[in-house]
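Across the two complexes that follow, chain A remains constant while its partner is chain B and subsequently chain C.
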Partner chain A sequence: MQPSRSTRIALLIYGIVTIVVLYLPLISVGFASISQARYLSFPIKRYSTKWYAEALQSDTVRDLLTTSLKVAVIVTVISVAAAFFGALAFARYHWKFRTLFQKLILLPIFFPQTVLGLALLMWFNAVGVIPTWKTAVVAHLVWIAPIATLIVAIRAYSFDPALEEAARDMGAGTLTILREITLPLLMPGLVSAGLFAFLLSWGNFPLSLFTTGADSTLPEWLYAKMVSGYSPLVPTLGVMSVVGSFLVIMVAFTVTWLVRAMRESRTAMD
Partner chain B sequence: MERLDNRLGFFSAVPLGLILLLSFLAPLVVVALFSIMPQKVFSLANMPDFSAYSVFFAQGYYRSLLWALGMAFAASLVLFVLCWPLAYGMAKVFGRFSLVLTIAVVMSLFVSENIRLFGWVLTLMKGGLFEGYIRAWTGTGFESPLYNTGIIIFGLVYVYFPFMLFPLAQGISMVPDDTRQAAADLGATRWQILRHVDLPLAAPGIVVGTLLTFVLGAGALAESKILGGQAVIVIADDIETAFTFGQNWPLGSALSMILILIIGGLALFGVNRVDLDAIMGRKR
Partner chain C sequence: MDAQNILRLRNVVKDFGTFRALHGIELDIKEGEFFTIVGPSGSGKSTLIRLLVGMEELSEGEIWLRDKRIDQTPANQRPTCMVFQSLALFPHMTVGQNIEFPLKLRKEAPAARRKRALELLDLLRLPQNYYDKRISQCSGGERQRVALARALAFDPEILFFDEPLSALDYRLRKTLEKELKDLHARTGKTFVYITHSLEEAMVMSDRIAIMKEGRFEQIAVADVIYGSPVSRFVAEFMGEVNLFEVTGTPRGAPEGPGLESRLDGKAAGAGLMLAHGEAGTIMVRPEYVRFLPAGQSTDFMVRGTLVGQYALGSRIQYEVETAEGQVLTVEKLREDRFAGAEGAAVVLGFEAEHAHMIRGA
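So, the complex of A and B:
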């Protein structure tokens, strides 16, 4: 039962409008970042890149970028490691507490992140840990490690356990199986989980808000400025944050593509 | 084999389980304990007196809870209506364009939500992208639609759009084409097919999408702060104020507990009703 031609066209237009509306606010931010005036007003009269120059020279901005980067990298590494094993427990092995484990992983994702941040702040206080960027890593992990696990789990669902059983029948130990069979099979899932983990941590502010102590991440600084009043650096740093994410996505795609191309040329040579 | 699976499953659950035990469940216990402490204390070494909970009713905090729940509910409804045709298109009509749409929507998720909301402020404010250009071209501007309840719901709809779209699309793709065809052959109208075939069979996706958007919206803060400009105080806002300006941890904890119980109850209800293995694509 195929829908009529006009329905298909209407749906397609709807889809395109959706994409435009999704990205419209970023276009405004982009224009605002190259407006010369201190107080923004459209239509923009004079364009200039001076806010970018100012941002690049500022020590504050450098600190914000390093903190955000440090947090995102560490969160990515730990999330991917936890997600590899977590996904096996979630999807592959049929063990006693599997359904309970699945629910435990879903709960933090449903949780309001600001409240989670505050709860962690009280917990750190109760156990006597002073919040720094390191505690923000912990806060990000609570939310991002479960998401990474779900992404790897989707991949783990689609793999055939017979492969592992065959290896076991031929005398391979659990560690050998994990290294030689499971890891390569889950690799695409691990790469996308890593990408998600990095980008979600890089852009997150509700979890950082109360858990970074004296340190501050880029999105957290932006939020503070937005709530307290306009600064011409807000759109500029906003664009820089977005450009950062897109660079990471581009690098990830290029590397994946190169690896695949190399592997294909190797099999072609054999 | 079964015993081996049991052991391997347990050991692979340990790393993530430890992370969640130490940084999710333990903090929740601390929140629960703080919420029964006398007000304005900063340590758990006090006699519990549950006074923070009575303040919830006495000082009208229930109003901000109702606002948050009401706006989240409105946003979920709007999202369901907005996303259904698009999700249907993604699951059954678009073909290659589905992938384009998926990538575009996922990429937007990677931009910090505060930057996207701030972009809407720049777009909609007086002298913003819309009003500024319209005034420059036609000579007359209009009042900015910012800073009221409607715009907060719009913000929720905008930010949580992917969380409704993807579960719905997944749900609709689980409706077999043969069933719809059979219904049409038997003379069912389009409306009857929607009511008696599509909606019931896509129910898991509908449950997940609606719950996700409602629950995330109920605890959201940035939309009302950035777009709403404090036109409405939501519960997350009250919680934050209690911890920061108020310096009243027990009150903040009690308000958090109430929100957590509502959200956690709904989330568990939803998760228990949906077969996760089937939704996420189990082959066996």
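So, the complex of A and C:
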């Protein structure tokens, strides 16, 4: 059924309003970052990129970015590895404690992150581990690895078990099956899980706040500066953080696309 | 030890917990044979084929491939290959990569692999440009052919089939059944096929095994299974059938309620004799039953009322209800159709040589 003209106009307006409400705050942060004034006021009198120049030269900013990146990259790698095997256990293989495993893995997601962060901090103290960015990696993993596992599990559910059996029937061993069949088929799931893991870690505030100790990630610093001692570097770093996320997504897409193109050209060759 | 048997099963038992899926299966499959195992779902035929390819472990017994015992050999080391019900084509590979997969595992050179894949595309009447197609671009029938090509690339000693045609529509299935039979003749390989469809089995097989509750009821060529089933189960499984409960008279002739016989000593020749008081079942297929005009008689006759008629395409099927309440089926070619109204009283007849005696209750 075609919606009527008035319905279509109403839907269009609704769409535009939604987009504006969602993205206007983000855009205003963008504007704030290129204003020369120390405090944000509209209309912006003089545009300047001096805060970016300052940010790029600042040791603090470099440390923040390094810490955030370190945590996010390590969390991503470990999450994806755990998610691959976890998802196979979750969705593919029938074993004794499977239902229990499927329920337990959801638990960390149900915990409010602040509670989870606090609990982990207390636990680190109890076992005598001094919180640094490394403990933050552990904290992020507790929350992010299950999410990554669920993302890969969705993919693993749509996987015909006969594919692995057929490969075995034709003479493939366990490792060959993993390399030739299981891994390529789960790859789209692994890529999305990796992206999610990186972005969730990169932007995470509540878990980092409790568990980084003396180290500081980008979201933590943004919060601290908003609470006390606003600096024009705040919107600047905010924008840089968004651009960082965006770059990661772009890189992931490009790599996926390149891999596919390479596979196709290899097919054409041999 | 028969040299021409490629596959021998001895007392093969499979238990799932306390449930016994296979009860001591004995089977000999001949070299180059097209052997079909037919049975309803739950008869154990899928379990049996999974044991044969090595995807399940047997609980007892032995499986021999020629002079080698293979029941403890893992699936990836058995020289056999299966076409799966779902076909199990690898969706992330092209048609060519799928066909070459077993060759790649054997580390054959890319050029040799490609040559073989193209030969197989030819053999299965797929155009050469399908080599670079994705599986998702192939139709149902084409996928069947790709799956077959991949199995043939493996060059198995025995090719197993797990109901690969069951998901296809009627016409395509008919075409592929004939192609498969043709392929069997051209390759000379041993095919072992499982299905729940009698028609599929009849069209393609050299021999058919009928399976029920983890046992073979009968193993024979199609004609024997169709014409001389050993049990009611086989008779009813292999299509429409009319069955009459009979017992032997003091003179040994079969006698049953509603069934008039004028055998005049022909029973012995047709193998229909029973001992005095012995129970049996007389079976006759619907195409051998005639509507008798007044004054004519046959070896067996039954009176009844025509209650229904159905057009089955080339044939017409009639249902006749007897005074005992039994519904009999008669089938006639369209050109021999019976001109009778529903509700009409009719006399059905059939000859002793078209009847078959199923012994035992």
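Here is the rule we use: the second predicted complex is superposed on the first by the 240 of 270 C-alpha atoms of A that agree within 3 Å, B and C clash if a C-alpha of one lies under 4 Å from a C-alpha of the other, contacts with A are read in each partner's own complex, and residues count from 1 in each chain.
As a convention for this text, a residue touches a chain if its C-beta (ideal position, glycine included) is under 8 Å from a C-beta of that chain, and two chains touch if they have at least 3 such contacts.
Quick caveat: nothing in here was measured; it's all calculated off a predicted structure.
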Query - Partner chain(s) touched by A:157 [first = chain B, second = chain C, both, neither] - result: first
Report summary line: Counting residues of chain A touched by each of chain B and chain C, the higher count belongs to B
Query raised in the report: Which partner does A:261 contact after superposing on A: first (chain B), second (chain C), both, neither?
Result: neither
**Report entry** Partner chain(s) touched by A:166 [first = chain B, second = chain C, both, neither]
**Finding:** second
Query raised in the report: Regarding the shared-chain residue A:181, is it in contact with chain B (first), chain C (second), both, or neither?
Result: second
Requested in this report: Please work out whether A:77 is in contact with chain B alone, chain C alone, both, or neither, and reply first, second, both or neither.
Outcome: neither
Requested in this report: Scan A:219 for contacts with chain B and chain C and give back first, second, both or neither.
Outcome: first
Query raised in the report: So which positions on chain A get touched by both chain B and chain C?
Result: 160, 165
Query raised in the report: Where on chain A does chain C make contact in their complex?
Result: 160, 162-163, 165-173, 176, 180-181, 184-185, 267-268, 270
Report task. In the complex, go through chain C and note every residue touching chain A. Result -> 53-55, 74-78, 80-82, 84-86, 88, 90-92, 94, 96-97, 101-102, 105-106, 110, 113-114, 132, 150, 154
Query raised in the report: Which bits of chain B are touching chain A when the two form their complex?
Result: 1-2, 5-17, 19-20, 23-24, 26-28, 30-31, 34, 42, 44, 85-86, 88-90, 92-94, 97, 101, 104-105, 107-123, 127-129, 131-133, 136, 158, 161, 177, 180-181, 184, 211-212, 215-216, 218-222, 225-226, 236, 239-240, 243, 249, 252-253, 256, 259-260, 263-264, 267-268, 271-272, 276-277, 280-284
Report summary line: chain A residues touching chain B in their complex are 1, 3, 7-8, 11-12, 14-15, 18-19, 21-29, 31-32, 40-43, 78, 81-83, 85-86, 88-89, 91, 93-98, 101-108, 110-116, 118-123, 125-126, 138-139, 141-142, 145-146, 149-150, 153-154, 157-158, 160-161, 165, 174, 199-200, 202-206, 210, 219, 222-223, 226-227, 234-235, 238, 241-242, 245-246, 249
